[in-house]
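Heads up, the next two complexes both have subunit A, just with different partners, subunit B and then subunit C.
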Partner chain A sequence: MKRRDFTKTLAAGVMAASMAGFLATASWAADTIKIGAVWPKTGPLAGGATVTQGPNIEMWVKQVNARGGLKLKDGQKKIELIEYDDKTNPGEHIKAVQRLATQDKVDFIIAPFGTGFNIAAAPIYAKYGYPQIAVSAISDKIEELTARYPNLFFTLGTTTSFVEGVRDILVDIRDSGKMGNKIAMVNVADAFGIELADAARPIFEKAGFEIVYDKSYPLGTPDLSPVMKGAKSAAPDAFVAWSYPPDTFGLTEQAIIENLDVKAFYTAVATCFPAYAGKFGSKINYNLGAGGVNPDTPAMKAYFKAHKELTGKEPDYWASANTYVSLQILEQAIEGVGESDKAAVTQYIKDNTFKTIMGDIKFENQFSNRFWTVGQWQEGVFRGVKSVNVDGAATIQQKTGWN
Partner chain B sequence: MRTNDWQSIVIAVVLFALAAIVPFIANGYQLSVAVTAVMYVGLATSWALFSGPTHYISLASGAFFGVGGYLVATGMSDYNLSFWLMAAIAPLVAAVLAILIGLATLRLSGVYFVIFTLGLAEMVRNLVSWIQNNFLGSRGLYVLTDFTEAHIYWMLLGVCAIIFIFGWWLGRSRLGFALRIIGNDEAVAKHVGINTAWSKVILFMTTGFFAALIGAIIAPRYSYIEPNQVFSPELSFLVVIMALLGGTQRLWGPLVGVIPFTLVWEFINSNFSNFSTLFLGLAFLLIVYVIPRGFVGLLQTWGEKIRT
Partner chain C sequence: MDIIISGLLLGGTYALIAMGLNLQYGVARIMNLANGELLVLGGLASFWLFVFAQISPLLTIFIVAPFAFVGNWLIYRFLLRPLVSRAKTQGQLEVDSILATFGMSFIFVGIMVMIRGEYFTYSFLAAPFEILGSTVAQNRLAAFGMAVVIGLALYLWLNHSRAGMAVRAVSVSPDTAKLVGINVARVSALAFALGGAVTAVGGTLISTFITLDASVGVIFTMKALIIVIMGGVGDIRGAIIAAVILGLVETAVATLIDPGLTLASAYLIFLLVLLFRPQGLFGKRPT
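Take a look at the complex of A and B:
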């Protein structure tokens, strides 16, 4: 065989194999329950998903299987997990969910990571009747979306509630007489950052704040020093950034370099990551960020310990816990129904209260109105300081320099 | 018309009819792969209409595709306009954009043009974000429609049909002839009195038009539009690879590249998802070394062998 012929044969072989894979329907064993998951292992969202989404799925499956599996009417069934990478691409995500539903014929699917992906996948979950307990999805259109998709549940809050959380914290600090009313606000010029900044302008102004600096920067800007220099020269009392993971780190680094002297310093997504404290140590003490947890409850302590033991990684101090909660809800609903009946499980989620590591969760109109909005790094732990209907908020501390 | 032409038309109509019934027989997963395939057939074929004869490798598909998706999202989400209106406006805007870009850059030759178009998607993405951030504001761009994947599939199939008809006409027109001469030798083309600049601009415009139209139709599939996702450089590269794999010298060339590529890509993604980028690189190498003229060239060589 000539080399070229070999290459051609090889190519033909790969093609034939992929055709077979495409058309074949996977065989299935009845003694397991199949759970699918599609999340970004690569691409721009992978950084967040490998902290918040992946490890929780791994941990939950290990825990359930260690206790013998999910208790159903016809005996206990272990979970068989089928995972795909969506490469942070909605087209790939849709294909992967379709594959789970129609080729792999999974019993349930763990909701996607990211607002856009949850909304893009919602029509498919609805078409096949899978309950979709969205976690990392924040939107101001929750009512419209839940009305449109009767099996879609939201657990992490609305855009407006996040901005209001920040406002409340700033009002508290100002009214205690420790801070003036000048805010420097920056945002990443991408869907999420634009939306939050847009919501924040009227809300801050109505609360009597003066926005002395209001700038955006493109996603992926490597050098944020001009942004921070500009903010500093406006001499603000508080700094608020509606930021994504890379710029949350970048802005904090620049603030340390510029020694930005503010009474409150807020960055949004990823402030709650263990890597944030890992990188900046004590310098970021009393920094504010999106999210939060109450790490002192016994349930949460056990969760942190188990997460570290089973996955080798630290959970973040926000959506990690919410993600695990969503899996607990799914687990309890499946066991409550006792069989792999998607419609019954969806109805069970709507009708019941769930005991989770964040306390009792109940959905009203497919929305769980219990979440943390603002947290603060306090001596190496990111504690929730502002929430909607969650108890155990820590007392807010005032930022005192970057040491 | 010659008998040969009638044969081609009959084959095309039969294939089109077969493609149209896919949503009735495919399961959800097969249909979603089919949507992806027909999207790339449209993009790669309209890309080859320009790049095939002129040999200008354009990496601008992502930019035009993004403009289409983004305009539909902004119109529907921020101004409550209908999908149909926005789907009509989007390709026209992209066409105008393509004219401007074409006039500025098609005088560039070879590698300069490639580099420029590569930067274009990034530039348009940043421009769009900047405008939205500073002048429009946003509450998230939702494209909520009642379209199912089958509807999107049929719309894309319709666009593909139009592209093929246009391409068929082009191959027989003075413009198509002029482009082939430009591709062979631009200096000669100029000397025989062809307006080379405008010929190229017109074709670049149609490529932009169709890419934006396809982007607009895909927007309801994504439901929530973020600039990062619709202005994807990966899309531009995939279009080029698929078109080259098929061969750009024939109208149906990209078609025979897209379909096997989509299936293999899908197989790699679902079974060895960690290696998909590696696969993309290998595919590039294989095409260049083993089948430089694409599947079409391969078929022609085989055809000649059989005859002799």
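Take a look at the complex of A and C:
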């Protein structure tokens, strides 16, 4: 072997090994139903997808196969899962979907991870006619998108409803006389953060709040202490950050260090991650964040237990459950139709009500208007405190320092 | 005062990111694009040992450093040495090493995803500390202290020891260094391994205050490249001073103007240095 071939061989070896590992997980029984999944195992969104998306797919496939597979007209069929990494790159995602549709000839595909990906990949899912039950996607353009793509469904809510959830919580605390009306607001300079901050400005001001600090910071900022020092010197009553996971952790840590004295502290994505409480312990008691669940229902308790048993990981307290719900919907729709007919399954999703761990879900104009918007860490559990059409919100508690 | 102190601390962080690459690129002439992944690997080790064995990151560095040293020595010996020996010109070596280490970065990411795909986040010394009326985080201060120690040690070793002199000679001119009896291959391997160890230790320290994940390495590689090129290739003083300048400017911009402009300001300084001093602050003008 020539020396220069060594790196090539090594790279090929690693690829072959990872392919073999991946093939080994797929069962090759003759009578299977093929389900594809494309999600970021590497790249900027991988840290979130590995918590919210991956384990739920693993868990669902294990559960369905353990009970013998999906019940179809011509007998029960086990799921054969074909997964690809989109590397957090929309181009790669579209290529992978094309491959799933034309080479692997999968029967169904699990929707992408992330708002941008669900929107960017919608045309390719529509082209091949796969039902796309988007979960981790929040947008104010849902009506427009569902009108354009008849196979696209949304389940996690709109940008405006998320901002209104935060507004309602802040109004409640203010009107109870425990808080003034000064808000410090920061956002990550990225499509998600900018859209939420733009939606929030008029909504907060209309509710009578004064935004005393309003800044953005680039994604991946290594030092957020100037941001927190700036917010602190504006003497706000509440702190709101439309943030992504690394900066959710970073801003919270800086708030603890600066001892930011606010009556409400909100950070967006990843506040609901078990790792958030794992990192900060009791210091983040009564912190607010995006999402939430009602962990006390029997169905949700069973879900948390099964998730831990089957994947070895804790689910997050928000979109993990929604992701599992989307798979339950897909499962019930495929069984309801009884065969691998993409158009019939799409129609079935539009026409029927589904029994899920979050209660009954029904789509209206391809949108399920039932979701949590704001949650709060209360004694080690992140409980939903504000929702749209979901029961069981916990009573909001007021933040009392960082202990 | 806040700006100066926070800026210095950020500069220390940047120095940790860049000093290792400076040795690898400046002496061993390997433009190591897997630098950031190596840093994250150091952070992963720290996270793992802290969460599952309650080992302080300040002790983890003594575990990480020898492993990274040996690992990088092996990488240099078996993966990169062949590229060095067949390269006819410096330019060819750069192209080859960029491609090889770029590929290596994917392997590193793959390995880390297999170990842990989620964020590596934990709390260590996340408590306030008052210096001259300014509040700073203890973990940042600890990392800054270590950056000073590592930077000073490298500087003294390079300038006041025989081995250090050999390293500097290779940095200036590998061909001439051979003429005076320096084993260039060995010195290069040593510099590459040492650079790798410094980077991995940097990652261990940085993971105490920045949330890392398997895929975030490329951000650190970019930052390290900017600092190394700004400071002047192969000069440890240059890298440290460039890191501190970058830290101070970013903090000043974030505090006085807008946190949204920190990246823009970093690239603006980089551009100015490239325009007016293309060889870097401490670089030698090509003869």
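Here is the rule we use: the second predicted complex is superposed on the first by the 373 of 403 C-alpha atoms of A that agree within 3 Å, B and C clash if a C-alpha of one lies under 4 Å from a C-alpha of the other, contacts with A are read in each partner's own complex, and residues count from 1 in each chain.
Simple rule for what comes next: contacts are C-beta pairs under 8 Å (C-beta built on N, C-alpha and C of every residue); 3 or more make two chains touch, one makes a residue touch a chain.
Model, not experiment: these values are computed from the prediction.
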So, A:N259: does it touch subunit B (first), subunit C (second), both, or neither?
second
Once chain A of both complexes is superposed, is A:A189 in touch with subunit B (first), subunit C (second), both, or neither?
both
After lining up the shared chain so the two structures overlap, which partner does A:V51 touch, if you call subunit B first and subunit C second: first, second, both or neither?
second
With both complexes superposed on chain A, which partner does A:P218 reach: first (subunit B), second (subunit C), both or neither?
both
Touching A:D198, do we find subunit B (first), subunit C (second), both, or neither?
first
Mind working out whether A:F249 is in touch with subunit B, subunit C, both or neither, as first, second, both or neither?
second
Touch test for A:G278: subunit B only (first), subunit C only (second), both, or neither?
second
Considering only the touch criterion stated at the top, classify A:K41 as touching first (subunit B), second (subunit C), both, or neither.
both
Dual-contact residues of subunit A (subunit B, subunit C) 4, 7, 11, 14, 18, 41-42, 44, 88, 189, 216, 218
What residues of subunit A sit close enough to touch subunit C in their complex?
3-4, 6-7, 10-11, 14, 18, 41-44, 46-47, 50-51, 54, 88, 186, 189, 215-218, 220-227, 229-230, 245-246, 249-250, 253-254, 256-259, 270, 273, 275, 278-281
Touching residues (chain side subunit B, partner subunit A) in the complex
27-33, 36, 126, 129-130, 132-134, 137-142, 144, 148-149, 218, 221-229, 232, 234, 260, 263-264, 266-271, 273-274, 276, 286, 290
Partner subunit B, residues of subunit A touching it in the complex:
4, 7-8, 11, 14-15, 17-19, 21-23, 41-42, 44, 84-85, 87-92, 94-96, 98-99, 101-103, 115-116, 119-120, 122-124, 127-128, 139-141, 144, 148, 159, 187, 189-191, 194-195, 197-199, 216, 218-219
For the subunit C and subunit A complex, residues of the former touching the latter:
2-3, 6, 9-10, 13, 78-79, 82, 86, 100, 103, 106-107, 109-110, 113, 117-119, 121-123, 126-128, 135-137, 140, 209-211, 213-216, 219, 223, 250-251, 254-255, 258-260, 262-263
